[in-house]
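What follows is a short report on a single structure.
Going in written order, the chains are labelled A, B, C and D, and every chain counts its residues from 1.
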């Protein structure tokens, strides 16, 4: 994902310095004219803007705050940092605070839109912090750059939105399956529901039942969508912050569990709408 | 509700014969020109079309199939019957079958739109059975008459739709509350989510958080909406048919339980979006 | 099951008249000296005590209240009827009332102990109604005859007990699986928990993890126990009565759903403790 | 709690050095002959055995690993440390590893038994790590010292046990409430269930319905038991470790949510069996 994002920055004519633990990812970009940094500190000293895309909180913490190699220990004054990893907002806020103390601007800018959106440059960025500092760069990679509030807000919006997405996807799967078991035609039922109060993105744009919407992952055996493993990760973050804030989330929590059981049944790489098949198969 | 629906039929100029166990409801309509029937059999023998709106399955069974007074035992050949009660689809199908055997056309046509819609004549009817037979009459009372399929389909659609509605309402309440606890501005969060994959009718049209949408019941102390007691009843029907068909509905079932706990806490007459307050209050 | 129960009555020397839609079941008992009835009315006129064991409510209603062949229409004055079917207590109470009006004593006496207990005559009967009338006969088939209260109480106790059983079985499966994933030895963990506040029948007598308790179904591939399909049926009854009484049962309801998903995954004939495998497999 | 535990050590004749951010707690013990340490480093240099009881993970991390004042930086070679705080097992394991590198023995030994047990010296300690090193001291404070396995195991056992405890308590509350709503006598129902497969510690020792068991908190308005807030905290830890290990815990997760809603409704200081009242009240 990071590779595609970097390629779009390059395409827009920005000079690019790259680093990754995976050498292959770098080589491709270097072949197109990027400079390879030899280490994180090396990268930090060469750049005025830094963008990271990492798998989770521990990696973000390591990359930014490691006593020896952490970016915050080597970035120049007034560097602008954008972290697009999906991690706990509290961690992101802590790092933003440390950055501010060192005269560094840190933004959280998690994305939606998947690998496809990264490649086409049509990602949506949900941004927390001083968005003006990062807007130009983000617009090189996405078609939608939304300001959500202070540091951490981008992550909060993404996590809360995805929790509701999971809930309404499972709810849609349940309602569609029940309707079918009751003898309704799935297309007719979906059409009526989508004009009614049951309407949601999962029912009217991404319907989980094969044959109802030609463009939805349900029609390509639940491939090439938003992976169950990623949804499960986001639901885990939602549970973590709801425990920390004391906000009850009964359906969010049960949705997390359902996706966890689906992981245990080997569905991690399938689109998350496969919950329809998981609930209905026999 | 039935009173308002009858008044609209009257307004359109149809001759009207009325019957209700509650005398008062009749008097008002009689004052405007309707004829009062002295009993169900009396009503049946006077009418070519019969419309009923009853609280639940046992009343529908009694009114139609009672050995002595049941409408099916007294209605004339080719009578067209429309039942707008929300009951189990299987019961409605059974009655439709009995009706057919007696040359009577029976339609299920549950409504959405509430008492307000009944008064203004803007109800939505979800119709199962031979819709052509009842369309004209239904259009006298509602602005939206949707054909769902064979007998019972109208009820199936209503029950499945409302199950998803409850799920997405609770999900919206959870997501909004979590976002607020995390420090987000509820209006900004709702706006972004409503352009994203978390979007649903409960978030973009009927938001449960006071101050987010001026027209939603949340802004009038959750009064004059769709009562928690009615939603709980519909969720009970959803659970009943999902048990009978073997369709798993984990979120539908948990939503039913949450509304049941809210009933036990005295919220039966409040709009069902009060789940936001129930989950967040402290 | 009924066959084994009848055989035990025969063994104790009681004269036996039998009827079943399945001829084979009758033949075996007739070979051992029982009289075959030609129909339900034929059976009713020959007996002073009648015992039934039927799959569900509709069959019980049919067998007892059918206008032509129903047992209540043919049983002699002062007949004592014991129904051991697991059905809705409200239906059982209705039938008991009808029976009383005809001078017939009706008891509900659902069983626990499975096919094995039926064969060995070690069933437990939970009895609602005038237990003195049926005690002698029940003791011919079971080792434990417990009076629960008025008509229907036997069923209420069975349904409520089994709901808690399902909840604690799933809870045990979750706790054992989590403990194992955390690196604990399952036998040591079970031993400590069984001396502590987590202790329950599912953990200390019927542990769902293979290798922890030699006699539990977990050690014979979850065969020959209490089938998932039967537990699912009982949980459906629990949900039905909890909806009717307005009693919230969030964990009972979620347990029902989990067993329903397991049914959809083909586990209906396995012992209900297989929920451990369902949740943990990967 | 720590105060009572310290007092029992003193009673057994061990010399005692104490430290607390709350001066008052120290004064009382000093009056009875204990020495007050002026700081954590001061305490560390005076003791061969150290015992801590802290509210949560962040405090434990601070007390042990703070660069300047952390106990691990000041404790002498071969010091034996017992931490009785209830925290994440992964954190405890990390600290144990750091301790080992400094030739310090670290044990986790969370307790059950409450303030009452701490006072009477009848606590149960669930111990992870080299139990022989701490046994004598633990037996001065508790009547039950159980070895659970390697470092962190004591915490794992406590967290898993308490998750099942919460599940079976809510399940018992649901079953009892449903039974009562169905017309059963609560004492008779509890008695039968406690001889059957629904039996659990929550039903046979700590029944949540007033009037069923004279010694249970239900009979003293749910005062002086295991507080809802503490159970909620333990369920949060259970969810955290189940997310980290990928173990699905649907009922554990829903139980956590139910206790969270109860917290939002002001029940944090009541015994956790008050879930019965929360579910049944009307």
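Here is the rule we use: contacts are C-beta pairs under 8 Å (C-beta built on N, C-alpha and C of every residue); 3 or more make two chains touch, one makes a residue touch a chain.
Chain-to-protein mapping (UniProt): A, B, C, D = 3-hydroxyisobutyrate dehydrogenase.
Predicted, not measured: the structure shown is a model, and the values here were computed from it.
Undergrad: Among the chains, which is located farthest from subunit C on the basis of C-alpha centroids?
TA: A
Undergrad: On a C-alpha centroid basis, what's the spacing between subunit B and subunit D, in Å?
TA: Computed value for the inter-centroid distance: 50 Å.
Undergrad: How many angstrom lie between the CA centroids of subunit B and subunit C, rounded to a whole number?
TA: Those two chain centres are 37 Å apart.
Undergrad: Taking the mean of the C-alpha atoms as each chain's centre, how many Å separate subunit A from subunit B?
TA: One centre to the other, that is 39 Å.
Undergrad: Can you list the residues of subunit D that touch 2 or more other chains?
TA: 246-250, 254, 258, 261, 263-264, 279-280, in rising order.
Undergrad: Once you've mapped the touching chain pairs, tell me: line, ring, star, complete or other?
TA: Complete.
Undergrad: For a test of understanding, state which residues of subunit B touch subunit D in their complex under the given definition.
TA: 254, 261, 263-266, 278-282
Undergrad: Using the touch definition up top, name the residues of subunit C that touch subunit B in the complex.
TA: Residue positions touching the partner: 236, 239-240, 243, 246-250, 253-254, 256-258, 260-261, 263-264.
Undergrad: Inside the complex, what are the residues of subunit C that reach subunit D?
TA: 89, 112, 124, 126, 146, 148-150, 152-153, 156-157, 160-165, 167-168, 170-172, 174-179, 181-185, 188-189, 192-193, 195-203, 205-206, 238, 241-242, 245-252, 254-255, 258, 279-280
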